[in-house]
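Data first, discussion second: the structure below is written as structure tokens.
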Amino acid sequence: MRHDGRTLNMLRPVKIETDYLIHPEGSVLISVGNTKVICTASVEDRVPHFLRGSGKGWITAEYSMLPRATGQRTQREAAKGKVSGRTMEIQRLIGRALRAVVDLESLGERTIWIDCDVIQADGGTRTASITGAFVAMTIAIAKINSEKQFRIFPVSSLLAATSVGKTIEDELIVDLDYIEDSSAAVDMNVVMTGRGEFVELQGSGEEATFTRAEMNDLVALAEEGIKELFEIQTNALGDMADLIGFYGSVPE
Amino acid sequence: MRHDGRTLNMLRPVKIETDYLIHPEGSVLISVGNTKVICTASVEDRVPHFLRGSGKGWITAEYSMLPRATGQRTQREAAKGKVSGRTMEIQRLIGRALRAVVDLESLGERTIWIDCDVIQADGGTRTASITGAFVAMTIAIAKINSEKQFRIFPVSSLLAATSVGKTIEDELIVDLDYIEDSSAAVDMNVVMTGRGEFVELQGSGEEATFTRAEMNDLVALAEEGIKELFEIQTNALGDMADLIGFYGSVPE
Amino acid sequence: MRHDGRTLNMLRPVKIETDYLIHPEGSVLISVGNTKVICTASVEDRVPHFLRGSGKGWITAEYSMLPRATGQRTQREAAKGKVSGRTMEIQRLIGRALRAVVDLESLGERTIWIDCDVIQADGGTRTASITGAFVAMTIAIAKINSEKQFRIFPVSSLLAATSVGKTIEDELIVDLDYIEDSSAAVDMNVVMTGRGEFVELQGSGEEATFTRAEMNDLVALAEEGIKELFEIQTNALGDMADLIGFYGSVPE
Amino acid sequence: MRHDGRTLNMLRPVKIETDYLIHPEGSVLISVGNTKVICTASVEDRVPHFLRGSGKGWITAEYSMLPRATGQRTQREAAKGKVSGRTMEIQRLIGRALRAVVDLESLGERTIWIDCDVIQADGGTRTASITGAFVAMTIAIAKINSEKQFRIFPVSSLLAATSVGKTIEDELIVDLDYIEDSSAAVDMNVVMTGRGEFVELQGSGEEATFTRAEMNDLVALAEEGIKELFEIQTNALGDMADLIGFYGSVPE
Amino acid sequence: MRHDGRTLNMLRPVKIETDYLIHPEGSVLISVGNTKVICTASVEDRVPHFLRGSGKGWITAEYSMLPRATGQRTQREAAKGKVSGRTMEIQRLIGRALRAVVDLESLGERTIWIDCDVIQADGGTRTASITGAFVAMTIAIAKINSEKQFRIFPVSSLLAATSVGKTIEDELIVDLDYIEDSSAAVDMNVVMTGRGEFVELQGSGEEATFTRAEMNDLVALAEEGIKELFEIQTNALGDMADLIGFYGSVPE
Amino acid sequence: MRHDGRTLNMLRPVKIETDYLIHPEGSVLISVGNTKVICTASVEDRVPHFLRGSGKGWITAEYSMLPRATGQRTQREAAKGKVSGRTMEIQRLIGRALRAVVDLESLGERTIWIDCDVIQADGGTRTASITGAFVAMTIAIAKINSEKQFRIFPVSSLLAATSVGKTIEDELIVDLDYIEDSSAAVDMNVVMTGRGEFVELQGSGEEATFTRAEMNDLVALAEEGIKELFEIQTNALGDMADLIGFYGSVPE
């Protein structure tokens, strides 16, 4: 039994509220327990310098936390004048993960800007961001599709993420909240596609290590949790879920 | 009749949802039409350098907009590495306004950090921030009071704000939304106390001017709107509203 | 009687020395009592990005203080690597005020850069900057006019500014020096045109408030002082004063 | 056969030159094929703020590349005025990896600063940095030991890293050089201890994915390569290698 | 004959107006032809970190140009968010030069902040800054002396500077104005003490060179000009000039 | 006799290892005693803004030290977010010195980027950088020449630099190491061409001065040392040395 009554392989309650904001092309409020993230997807009709004229599109992500998303107030990065290493690491991860299930050629010369703003944090903000951002992005791309139908719908597969970890009592658990995360010996973030393949696997021990057997058990635990997230995403997307991977063969 | 069906002196629907987040000592989500701001108040048991040892407390405010709070995505200030002049102007205004109704000596050597994060913008974000932040701040101070009762409750009066403006057809209107604000000839922000006195008055014409008679009419229009806001704040605060200005005489 | 012997409605001695520097198209040294500001106007034959191709010009302002303009040395903003909120607020105010009396279409695709550098500060630096910058700007625009005559002279009216305030003894005074400003309960900056209309009105109480009657009295006091400033500006401009508002009807 | 004649599971030639510089407490030049990194370890007799008085030490790392370490010159981060996300990610990884095999309590209130400066880059700079930095760090800690003998030698185990990847022809390869890295479908960095446990596992596909079976094969390939690195490190350390994990029981 | 009618060894008219500002402990406006610099000296009763408790004082200098001190407006360093290499080079030179004639031990644990702000530039701003700053500094130190008499007056000697150069017609000239400076083949700045010794000698050719004979001729030319500057400084200082080097023996 | 056994006019052992790195067009590792600098020259087929279309090329230099090049670790400039004044001064000096012996018109519209990275410091890093950078630059220009022969080889002369100084015992010495440099009364850096002319002369006393006679003796001492450096450069360049100043007449 975990401190909040969950069993080892139980996720926290997950809710995805779509069209949360009026301006963005796609937006959701995702809650994973007490962790709450506003994810938006903005479409821009141009691409970064290195892709101009290539016919390919781009997906990029930014991540931030409100100063009082946390138990103690944290200083704004704008006030400090620079983005922290942790923030950069997370926004690079989100962008890379989403690009793994988007056919950038089908997307065409457009950029999808993903913004993940954590309004309340209780562990797992980066994996909640990926899970929510996937839905916001798919809504935005579906919106483009409704105006100018894609030959191949650019989103090739579902995509979701969760965390798994090893406690200092050597128990393996899924979807760590803040208390569990702070004391874990090993922490692993796993991002998977709807086809059951990995996109990202980031396991690390802070002053601790893990064996190959533990690695396999952690990954299995994550896989089980992510399958539940796919259902919640599918429900949130409604009809739009049918567009994913639907047209022709998926590029790779 | 205005473009959204309001009469000249009609506010948009205002809603203040208290205890919106679990971590901050005080927090609200205020909606003024489609403008939505998360306002939090965080209590810190120390004061800035210039007040150490003075026995006085401090109120300071920060303001930000999510990148996609607006119709077009705006770049994050953290990514640009600096806070814009507009943001600085607004956060100085919020802090100054709140300090006008707080007895900093009664508060004691504490800082209240106000954070106003606009999650959706449709005009009037700075006045919505002040109106919401007042409620969040009062909740946080009431929370301190419930633990260690103040001799004089530090909040001496209600405080709220709205905008008024002159259209290019010379009509005077209250609570401008984004469309009205963009085309107004003159724009004025008014902050008032529950005693009917002014704390801030900022009127400016961008490539336009106003007469003394217009100034008086604009101020009267604002006063009328702010009175409605006081009622909504009082309802949101519930019993805590009774603490305001209650103990002994209010400091100068 | 005030601490320096002035009556409540008396300005400090004001002097405007034109053509103070050899390089700028327009330049003045304005002294308001011990406050001294070098104001320059530089003409550039291009406009900011958002105006290219519009046929309209632009006026923008920057403000700074020498480190030892003040009683205590203040650190340079260049050394700190960022411009303070106070500076940004002031330079936005100066630019907005000047634009209110310039017909940007008549000006054509040019930018006038205003630089206000305070070499000695004794209160009222932002209003002295506006009053002086107006003269420097008009000289620069008259210089363009002498080379390539405008159909409509772009400056439509005189423009000047002063401060008014309420002391802690509830007296209303004009043109506050540093000592008066530091202890004032309410401080208001007023910018007016030669036609007697307002361009900017910024009143604020730091931990204090003001009534509607006080607002009207303060504004009247400012108006009286600003009329004196118009005379001094007119003398400084000499023949150039006749160009203001002269050609055809003023736009807007 | 790979483009440079290696088989799939063959590392490039690795050389570790110790005491490369005269000033640092520990320093090496590590070459992995054409990748060359100067790794230094500097001992400071104080710890970061969050550890003061705790009796524990700290290990922190910084990473940089000379502008012309690469085929095209890259701009200096000092000239840009900020450290890139990639650099931050790498230096956080190096620090975390090293801390996993150091008993910070035995180390005592000291900081070991690790600096990894890439003077020539040909793929695998982050794993070469970890492998080289481990040796430099151990030399520096052995130097402290020779002056004031530790009860428990703070380094509990060997530590080394390599990269593995999946090519677009679905071949799994170890120790990717720049050409291989640029075209790989999946890239994984693996950090292991001398006891055969994992410290970090970072696998990611850029617009590609991998299965659980591939994950296991990649990890096995990495393990094989890292064992060779342990031998090279042991030779480079000479007698100092015997200190590792020698005294008493290793801390958890 | 030079373009402005001077002979090769003739300085421009030099004027030093003392007590130019009311706030600083020492201040001058120095004019060298059309080059005008406000130099101030501010006394602070503390020293930088590296001198605390040493009993020694410090002299440090900052330099800046108003944006329109030059023919073309230059962007403010505060707006750019960083100080240019040229500015840093100049302010380091000014500080080093002044320290050469100040006995920092006699000065005691105080910092003299020198600020040189160029309000109009026409070549030779750095040498004018040194010549003017020396006077401002001496006034500030004399002011300390009048309150609490020094045993050894900390200023040991006069100090002044000028520029010399070689034209592309191989003529050697002193005190180059902007036109001469822009086209010179070789440019040399010379700082000397009242005892005829050198403190700084910085000669450089931009895409040009100079011989040893030319070096000696340039230095002689500078020496001649600097002697005239010493007279002007002595007149500006009046009685204070007698304090220089007066008490006891001057420290090495 | 000096602390390391050298006579007053003796250089430390100097070694120039060419083609030290595989990527740059020109690269050397120069050692001057324990001072070691990697100098690279990178060719870019474009010029800075101010030279576009002029037909002229450009040489620019950057300089940095590894954090542990020094006895105490120094913080990285990238981490501080800005380049220090000392670094800027040095990189401006290196660029200016090299440009003095390059015919920028012959070079054509290309930029040569010089990077000097000090990996070990023991005094004289700026002069070692110039001496080494000259060789790296010449190799890079010879490489361009071998592909597309210049009509006039752009390098017109050899160029090298050393330091000289006056000790506190009034002895004049050449090529100061760190210990000598730290305690010197006067320090002078001299850059000369193979024709025996000066390019840069920077002498300064920190709290000390020097006479004209001392200046001449110091310069003579430097000249003698630089002649030895020319031989070492010539050997390092091999056949390429013959290209210098060879074709037609040298521009100037």
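Structural remarks
Order as written gives the chain letters A, B, C, D, E and F; numbering starts at 1 within each chain.
What we mean here is this: a contact is a pair of C-beta atoms (placed from the backbone, for glycine too) under 8 Å apart; a residue touches a chain by one contact, two chains touch by 3 or more.
Here's who's who by UniProt: A, B, C, D, E, F = Ribonuclease PH.
Since the structure is predicted, the reported quantities are computational estimates derived from the model, not experimental observations.
Touch-path distance (fewest steps) from subunit A (Ribonuclease PH) to subunit C (Ribonuclease PH) is 2. Think of each touching pair as a link: the shortest run of links from subunit C (Ribonuclease PH) to subunit E (Ribonuclease PH) has 1 of them.
Averaging Cα atoms per chain gives one point for each, and the point farthest from that of subunit E (Ribonuclease PH) is the centre of A. Of all chains, the one whose CA centroid is most distant from that of subunit B (Ribonuclease PH) is F. Least-squares overlay of CA atoms from subunit D (Ribonuclease PH) onto subunit E (Ribonuclease PH) yields a rotation of 120° to the nearest 5. Centre to centre, using the average C-alpha position, subunit B (Ribonuclease PH) and subunit F (Ribonuclease PH) are separated by 60 Å.
Separating the centre of subunit A (Ribonuclease PH) from that of subunit D (Ribonuclease PH), both taken as means of CA atoms, is a distance of 29 Å. For the pair subunit A (Ribonuclease PH) and subunit F (Ribonuclease PH), the distance between mean C-alpha positions equals 52 Å. Multi-chain contact residues, meaning those touching two or more other chains, occur in subunit C (Ribonuclease PH) at positions 81-83. The ring sequence of chains is given as C, E, F, D, A, B, with subunit C (Ribonuclease PH) as the starting point and subunit E (Ribonuclease PH) next. Within the complex, the subunit B (Ribonuclease PH) residues that touch subunit A (Ribonuclease PH) are 21-24, 27, 34, 38, 40, 42, 44, 62, 64, 66-71, 73, 76-83, 87, 113, 115, 117, 119-120. Interface residues of subunit D (Ribonuclease PH) facing subunit A (Ribonuclease PH) in the complex, by the touch rule stated above, are 82-86, 88-89, 91-92, 96, 99-100, 102, 104, 188, 193, 195-212, 215-216, 219, 252.
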